[in-house]
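What follows is a pair of complexes built around subunit A, which joins subunit B in one and subunit C in the other.
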Partner chain A sequence: MPDTKISTKEAIMLIISIIIAHTIVTLPATLLKNSKSGILVNIVYVSILALLFAFILYRLFKNFQSQDIFDISDYLGGPFLKNLIGIIFIIYFISSSGILLRNFAEGLKVIYFPNTNILFIILSFIITICITNSLSFRSNIKVISIILPFVIVSIFFLFIGNLPSFSFERVLPILGEGFFNTFVVGTGNIIAFSGISCLYIIPPLLKKPEDFKKIALTGIAISALYLILCVSTLLFMFSFFLKVDEILPLYTAASYIEYGSFFQRLDSIFLLIWMLEICCYLTITSKFSSIIFKKITNLKYQKPLTFVFPLLIFSVALLPKTVAISKLLGNILYRFISLSVVFCLGFVILLLANIKKLHYNRKHKEGNQ
Partner chain B sequence: MILGDTSLENEEKENNFILKNDKVFSSIDVNLEFIKTKYNTLINSDIVLRDFIINARGKQYKAFILYIDGMINSEILNDFILKPLMLRNKSNLYDNDQTRVISEAVTNNVTVRKVKKFNLPDYLKSCLIPQNSIKEKENFSDLFSGINSGNCALFVDTLPIAFDIEVKGFNQRSVEKPNNEIVIKGPHEAFVENIRTNTSLLRRIVNNEHLIIENIEVGKITKTKCALCYIKDLTNTDLIAEVRFRLNNLQIDSLLSTGQLEQLITDTNDLAVPQTLSTERPDKSASYLLEGRVVVLVNGNPYALILPSVFIDFLKSPDDRNLKPPFANFALAIRFLGTFITLLLPGIYIAITSFHQEFLPTELLFSILASRENVPFPIIVEILIMEISFELIREAGLRVPSPIGPTIGIVGAIIIGQAAVSAGIVSPILIIIVAITGIASFTIPDFSFGFHIRLYRFLFTFLGYIAGSLGIALGIFVYLSMLCDIKSFGIPYMTGVSPLDSSKGHGYFIPQIWKREDRTAFLDPQKMKKQDKISMKWKGE
Partner chain C sequence: MKSKFIKIFIVILLIILTLSFNSSYQSLSISNIAFVVSMAIDTSTTNNLKVTFQFTKPSSVSENGSSDSDSSIVNSVEASSISSAINLMNAYVGKELSLSHCKLIVFSEEFAKNGISDEIFTLMNDNQVRPSTNIVVSKCTAKSYIENSKPIFEPLITKYYEGYTNSSSYTGYTTDATIGRFFNNMNCDTCEPFAILGGINSESKASDSTVPSEKDSNIKSNESAITGSLRSENIGLAVFKDDTLVGELTAIENLAFLCTRNQIDGFLISVPSPNDENKSIDIYLTPQKNTKIKASIVNGSPYINLEYTFTGRIYSMSSDSDYLNNDILTEVSDVCNSYLESVFSAFLYKTAKEFNSDIVGIGKHILSSFETSSDFEEYDWSQNYKNSFFNVNVQSNVKSGFLLM
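Now for the complex of A and B:
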């Protein structure tokens, strides 16, 4: 079996890693702002929606064993559609990574490097991705499966460590600003699961393509639990009118934990683990972009692309002129692009391809009769 | 003049042709000249050529033996080669017909006799030389290889072959206690320089006819003997073929140690990560053989290479399997902690004192700052001074004669540590950090891996100084990614660590003895089970 394929467990970890990377930066705050105290109900609701969406994706992919969205686009609309979809997905990965990196770097700058130019903080991540992007896809996946358990444990620890500071009454009113806001407007919070995007790409990379359903559902279920822990930590700790505006709200929550007399604050350890998680995310999006580009251009070698996509991420990260713009992009552009690419475009392509296949099969059957 | 030149050229060409030839000549004089030229016997003092006459079936043949003085056992040579060949006895004086009738049949008054002609090489081997190991060789290169390793060569006139007879008898170190891999509960035998002694040590432990020991020569000049050892019905055949292929395709002049061989056969040497285990313990080698791995021995080296090896192998000690799992696992946890501290503690110290002061309680932070008050250097210089001093002490302790070694360590630690603090060059807290790092580095069982971690410690120190936890996080990420990218003979180096499902039969921590049913899964051995599901049958009775 070729070593480029990933196992079921690794694929689950990959999905979780992509989903939870955004929770480290502004995502929990955005969700909390949208749904207020109804966030817990809302997260459960969007998690169910995400699970349903993943199940539908599984059904739609079932007719195209081991094919990704680009192969399916090729089947549906020829090379033009394949290239178009490929470019859109590359833009999605590059832009979401760039915005995430910028926001995270802004947070680091505020916390540790107030006198350092943001360019150098971003550049240090980009150099790291350039190095890891030159390594094999398998090695990237393996690193994720080493780092991810620490990230998940960190959130558990954050939740348990902050338990004494929780004010559980903040969950009330349980539906926040009402039913409509929680269940209709709040549907947009499904962007928290935009890591589903990798489901469109991984089918040919799986060792066991038949485990696609298990991968999708388990990945989303674990991510949902993770998200619930994140938002409930923030909800129970802070008044959502005040602290959630921080650039790294989870870091703020980490700084409230008390450790007794020997250690004062261990938030730098949390941040160290989350930096590793951000690196995982950037490496994977950069690698996915390379894979997509290689696929749409029929390139034989992927090596020349090692530096291209990290540099594009670097450029996107430097685009916002201020922190406010980068936060705005993180909240609005990311929401828009995730909804349109992951939850609309990919879905529509799959749906149309299935209709075409159904039509073709019916015609073929009639021809045989 | 012209005629003279031509004859000289012809003679030179003839000589060149003879010297380039590798086949043994039928003429004993030509063989003798050839050997004299090849071995430079006029200036080489230890090459011995002893000519004599062989009596065989009443006939006499000119012969000579060639050996290297000091490498053979003279008693064996005299008693079992020269005496039987030179002294007249019933056997070699027998002068009956040279042919022997095997069978006879009469058909139509015609007698058909099946005869066996007299065959001198057979006769010499089977009747005259009572020596256990004797081989016929047609090529000089094969003969020279034997002679150089302590055999003697017998050349007989009229024969286009020579005999390679084993008469080795050089002095060698006896089997002693291991120096570098000491265990509490376990055997105390170590490999020696002689490859045959080492293979016999392995055979005694494995005690099974399926243990295969293949000989492979490496090095165009030294023709160093390497032994490729594996268990035939256990080890993955692809793995054996790969190791054999790599050993057979080394175009080098000389191979002097297992350390050199390790570098020559591993996939990559880029990160300076050791990818093969090197051990002086036959019991450790045997246990890995029984897991389905391949062991390579090199003649002249008291170490064996175990292939393939993965990250977690370098943190395991041969004693782990001899101890009860709670003790062994505790030791394993300590070793992991030791590795972590060795790699990261100086970097973390710098990161905390330079960037993350909030990490420590205010009192402790004040104490650290107060201790650094008189130190004129930035923290990176301070830590580099102490780390390099520690490495100097360690290196000096290794190189000086062994009785003085510990003294240097103690003197160095006390004088440099105490004096440096008194002189205000370094702070006392830093001495503690460096001392803990140094002690932690000694917990790593494998020397090469320990060296690798010590080297990378400087990199993390530097990263911690530049960017605090950001630098360390990015360093860890790149380092882990690179480790995950390495393969040892096709096996991912981080197997057992990631992916998590590949650790079957080879996890970092040791299970109870009755749970050790599987061999290492990632090796894909021919037999996966090494003990029954219920191994302690006596418990049921």
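Now for the complex of A and C:
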């Protein structure tokens, strides 16, 4: 279907949008707590690792032109493996979206809707996803391409606006808790780039599959710069994030921006932009879930799934009983599931499929001789 | 038929959403809200604290622009906590108190000496409190400080509080201390919190300095020689160790504090005349560069080197002044250097030896001496700051007078 094919630029936007959504909630503060003053070196390090990982993925996908991880799983282990991997990826997208939505909605409730039940705040996002889900994937991507530059500019403005309050000396000691903590324990911070997950799915959706390498590397590089800006703002500005937890750390940074007595309380503009970004993220994950489900069940039409995945996200978002549980899930479960699904499972499947293909090619060659 | 159902479903959904969000907007409605302009916290004999709220009168500015003489309402309540005090006041005024326009939070000196951590955390937990809200420690009771804060040049109390600390950038006698920065410093390993020192002026107080020129700058709130219709004053700085008030700085020490933190555009200073010790010269100094701070650990003690650079022009003139003479200007510069060095050294040693409170934030400059964050935590900067040694070097270049030479 030509309607679902996306251009190279749109694919880059898609990757960035997935990666940066998590920075709006607690991710930068969690990274900061893990690596302390060594966070900038650590982010540069994990960005390089993420770029290397994306390059390896490109090499592994090269033997399977325009095929996604599910087609490759099918090739490797038949329909069973294809279905299993599909279900795991759907669970990953639904759970990470649900928890992210819950954490963001909790922040919104505290800041703007103190007397509104959290259910209705979450529901308003779910209705948005249902509407966007009923539209074509391409129109979704086009909207994301419009919103994303605003999100990036907002973080840039957040950095510039708080520049007078920065203490650049806070970057010292440059390795934080030491070499081992920054470069070995800190490797886990690669979860900041778990948006790489969409690289497993987008190959058949690309207009130009040959641009896969460019898409992956550019998307990660821009996201890395974005992440550095986010973390730097918190590192240079606040010392209390190492001791005190905040519901939306970047919102706190936004509330410090004031230009004279006229331009005050700009935080509401930031929050509006970030709400749109959360909607974009939820649209992408729910759309991806629909695509995966359609693929593993061989459905002819995607339309009946319009409400299914948003409702599943809604259910997951309502699961945590308290903010503490949703924060814990956001920090620990998301970390675990991202590392195991995105950086281990997907990679292993690709690697094994490549070995199988190599083995098959060799056998085929020997048979011909 | 199907589209009809969808339409009905959408309408029902919209009604549900409107009703569910209505409760949040109803509580935020201006008719249900009383806007707090400032808040004062005192000790109480009958309960944990006494909280005073200052509100604006909605009709304080008349249509022709003139204002009422008393444009604010002050109400007090004794309660066990700030939240409880707000709750009680909600019941009393019949409206919900909003702190979103609160410009000032005042703690009495007596209250601050017992630690204000709980109050600061509670206030920062309230999303209505802006980080830019000024924080004051009052030498008198916090309530009387607020009662005496009556604007004389502005029609509204809120306007007065907005420009409250503007003079800090050109006098250096007060500081723009905010609750956001206070909270940040309170939880910081490399710095300590501070607040504006407030009080009420009275004619009976005088500085004990012997040199007349020093009397002008060795003052602080409640001890100044200022009298006027605006009775509240903000001169000096309240120094905290963690959350507890440990001391006060005078106007000249506050100036040294701002110069070290690079938060001043220019300031007037009286230095002893090179020719006559009983006379003084007024010089307007402008920082030429940011203060260079280098810190290291020498024999287990922090050794801090500070370099200040200023350019200046002479304000005070007399008929026999000859400020075109290069030798005289060099002499004035040298006197200025040694005077400022003694002032800045005295300030730094006072914060270290007397208060053991790194309000300047020198700790962040010593971070480079440690390999890891854990090493720095083990060193325990907040306890070791008192062992610091300072080497102050001031380079001022006094050029000439302004219009007259």
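One rule holds for everything that comes next: the second predicted complex is superposed on the first by the 363 of 369 C-alpha atoms of A that agree within 3 Å, B and C clash if a C-alpha of one lies under 4 Å from a C-alpha of the other, contacts with A are read in each partner's own complex, and residues count from 1 in each chain.
In the analysis below, a residue touches a chain if its C-beta (ideal position, glycine included) is under 8 Å from a C-beta of that chain, and two chains touch if they have at least 3 such contacts.
Computed from a predicted model, the values in this text were never measured in an experiment.
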Room on subunit A for both subunit B and subunit C (clash or fit): fit
Partner chain(s) touched by A:S124 [first = subunit B, second = subunit C, both, neither]: both
Three-chain overlay, vertex subunit A: subunit B-subunit C angle, C-alpha, nearest 10 degrees: 100
Touched partner set for A:Y112, first subunit B, second subunit C, both or neither: both
Subunit B versus subunit C as contact partner of A:S145, first or second or both or neither: first
Touched partner set for A:V342, first subunit B, second subunit C, both or neither: neither
Contacts of A:L271 with subunit B and subunit C, given as first, second, both or neither: first
Subunit B versus subunit C as contact partner of A:L135, first or second or both or neither: first
First (subunit B), second (subunit C), both or neither touched by A:I85: neither
Where subunit B and subunit C come nearest after superposition, their Cα distance in Å: 5
On subunit A, the residue positions that both subunit B and subunit C contact, one per complex: 112-113, 124, 127, 261, 264-265
Residue numbers on subunit B that touch subunit A, as the complex places them: 351-352, 355-356, 358-362, 364, 467-474, 476-478, 480-482, 484-485, 492, 494, 497-501
Residues on subunit A engaged by subunit C in the complex (per definition of touch): 36-38, 110-117, 120, 123-124, 127, 167, 169-170, 172-173, 175-178, 181, 237-240, 242-244, 252, 255-256, 258, 261, 264-265
Complex contact set, residues of subunit C against subunit A: 13, 16-17, 20-21, 23-24, 26-27, 127, 130-132, 162, 180, 183-191, 361, 364-365, 367-368, 370-376
Contact footprint of subunit B on subunit A as seen in their complex: 3, 7, 9-10, 108, 112-113, 121, 124-125, 127-128, 131-132, 135-136, 138-140, 142-143, 145-147, 261-269, 271-273, 275-276, 279-280, 283
